[in-house]
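Below is one structure, written out as structure tokens; the observations come after it.
Which chain is which? They are A, B, C, D, E and F, in the order written, and residues in each are numbered from 1.
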Amino acid sequence: MDKSMLADMESLPEADRQRMSAMMEQLQIRDSLRMYNSLVERCFTDCVDTFKHKSLQKQEETCVRRCAEKFLKHSMRVGMRFAELNQGAATQD
Amino acid sequence: AANISPDVLDKEQIFGMAEKEMEYRVELFNKITHTCFNKCVDNRYKETELNMGENSCIDRCVSKYWQVTSLIGQLLGSGKPPM
Amino acid sequence: MDKSMLADMESLPEADRQRMSAMMEQLQIRDSLRMYNSLVERCFTDCVDTFKHKSLQKQEETCVRRCAEKFLKHSMRVGMRFAELNQGAATQD
Amino acid sequence: AANISPDVLDKEQIFGMAEKEMEYRVELFNKITHTCFNKCVDNRYKETELNMGENSCIDRCVSKYWQVTSLIGQLLGSGKPPM
Amino acid sequence: MDKSMLADMESLPEADRQRMSAMMEQLQIRDSLRMYNSLVERCFTDCVDTFKHKSLQKQEETCVRRCAEKFLKHSMRVGMRFAELNQGAATQD
Amino acid sequence: AANISPDVLDKEQIFGMAEKEMEYRVELFNKITHTCFNKCVDNRYKETELNMGENSCIDRCVSKYWQVTSLIGQLLGSGKPPM
């Protein structure tokens, strides 16, 4: 589908292309907010397990920092591999 | 995307951002609700009421979840949470 | 973002405010349907585990009732705490 | 929100409600499918067919899930399920 | 809601009905893409557990094929039961 | 739905399809990310860096996930993946 889709896109007049890129921008905003939400959920679930205090304890905070940093590095690596595979699929067929 | 047409697109962007923000808040609330239910509430359902232990666990869980949200917001956005 | 967002909102003409509140209403409907769906899933998963009968057994029904009631009470409590924290964040900065 | 303009908004609301209803049904179907797969189907995948035990479990699981849906609908909506 | 909804639908002019069916088509496309995504996730999670190789091993591939086929059969069965119950609910009240 | 009006609806369909495709890709990426994190990364978070074992596991995990995607695409679409 990729190529036909992109071909269609290039044949569109300027106004439509603006609309398209506005749409993509909206999707990206939504996606990064969702990513943020699910990162918080993951690190909270993995790092916070006792509820004797109302405030985050020192070792919980350390755990959350490492979790977030590790997840972001992981996510970037997946992104690179994913892009390579997408490119391979596009040139292949 | 700031230098297109002044009025019309800006309005659409305001609506779009407001919608995304609402969705974000709803999703955050749902995730807190589900996560803290899993962490605090006994799922054998022997009674209908939340007992004192569960209630205090819920309060602390929401508070800590909120702190994790700002902590990660700081890490991501170099100083300020996304919202 | 809150305050700039809300400021923008108040400066909008009547027609736009109506559109905005219609949008919020749509989001709320969708959200309550999703909440309903996920409440059913949770209580079903926690309470129903044997499939020797086609009909819900008495103790399963009791479990589902308690689960739903407990979840709703929990959800209301979380909502109160969440609102307090949101308010605190708004007045704080 | 019932007393705004008669024709145009009502039509938008009908479309909006129909869309929400479709989404709700699709999500319900997906949740039943996933939950009953977890409860009934052996996930070691030693064969391609569903055996008799799995098939009868699936039928009962769907039936019970449906009953839980109406039961909770009654609890929430004082007498009638949301849809 | 079913019946009032459907009644409203039939009273709509042709243009609106076209719009409605376009909307349903869009929802169906989105739904089948989501179903595809979650089927892949399930079968990957259940069948692939070692990462000594870059390529899918024979027994992993067999497992994925069976998983997908079993899931589709399951999904069709659930669809039939679901349709019966929906119909029952519509004629009942 | 191919024989309605030529220009206007086609354009809407192109936009609709492009949006669905974007959503699909984003969801696929998110699922790979979460699944491979669960399979490869130690969630005790003793350090901030991904070690060599984790890194190579991630690369293979993404590669295998991609293969499962095409394999199931072939099974579903009689020869070609949905996208």
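As a convention for this text, contacts are C-beta pairs under 8 Å (C-beta built on N, C-alpha and C of every residue); 3 or more make two chains touch, one makes a residue touch a chain.
According to UniProt, the chain labels map to these proteins: A, C, E = Mitochondrial import inner membrane translocase subunit.
All values derive from a computational prediction rather than experimental measurement.
Note on connectivity: the fewest chain-to-chain touch steps from subunit C to subunit D number 1. Among the other chains, the CA centroid farthest from that of subunit B is the one of E. The most distant chain from subunit C, with centres taken as the mean of CA atoms, is F.
With centres set at the average Cα position, the gap from subunit D to subunit F is 26 Å.
We define each chain's centre as the mean of its Cα atoms; on that basis subunit A and subunit B are separated by 17 Å.
Subunit F has its Cα centroid 29 Å from the Cα centroid of subunit C.
The multi-chain contact residues of subunit F, meaning those touching 2 or more other chains, are 17, 23, 40, 59, 63, 82. Of all residues in subunit A, those touching 2 or more other chains are 34, 38, 47, 65, 69, listed in ascending order. Taken as a graph of touching chains, this assembly forms a single closed ring in which every chain touches exactly two others.
All chains form one closed ring of contacts, and listing them from subunit E in the direction of subunit F gives E, F, A, B, C, D.
Within the complex, the subunit E residues that touch subunit F are 18, 21-22, 25-26, 29-30, 32-34, 36-41, 43-45, 47-49, 51-56, 60-61, 64-65, 68-69, 72. Subunit F makes touch with subunit A in their complex at residues 11, 14-15, 17-19, 21-23, 26, 29-30, 32-34, 36-37, 40-41, 43, 45-50, 54-55, 58-59, 62-63, 66, 82-83.
By the touch criterion given at the top, residues 1, 4, 9, 12-13, 16-17, 20, 23-24, 27-28, 31, 35, 39-40, 56-57, 59-61, 63-65, 67-69, 71-73, 75-76, 82 of subunit B touch subunit A in their complex. On the subunit A side of its complex with subunit F, the touching residues are 1-2, 5, 8-9, 12, 16, 19-20, 23-24, 27, 31, 34-35, 38, 42, 46-47, 63, 65-67, 69-71, 73-75, 77-79, 81-82, 85.
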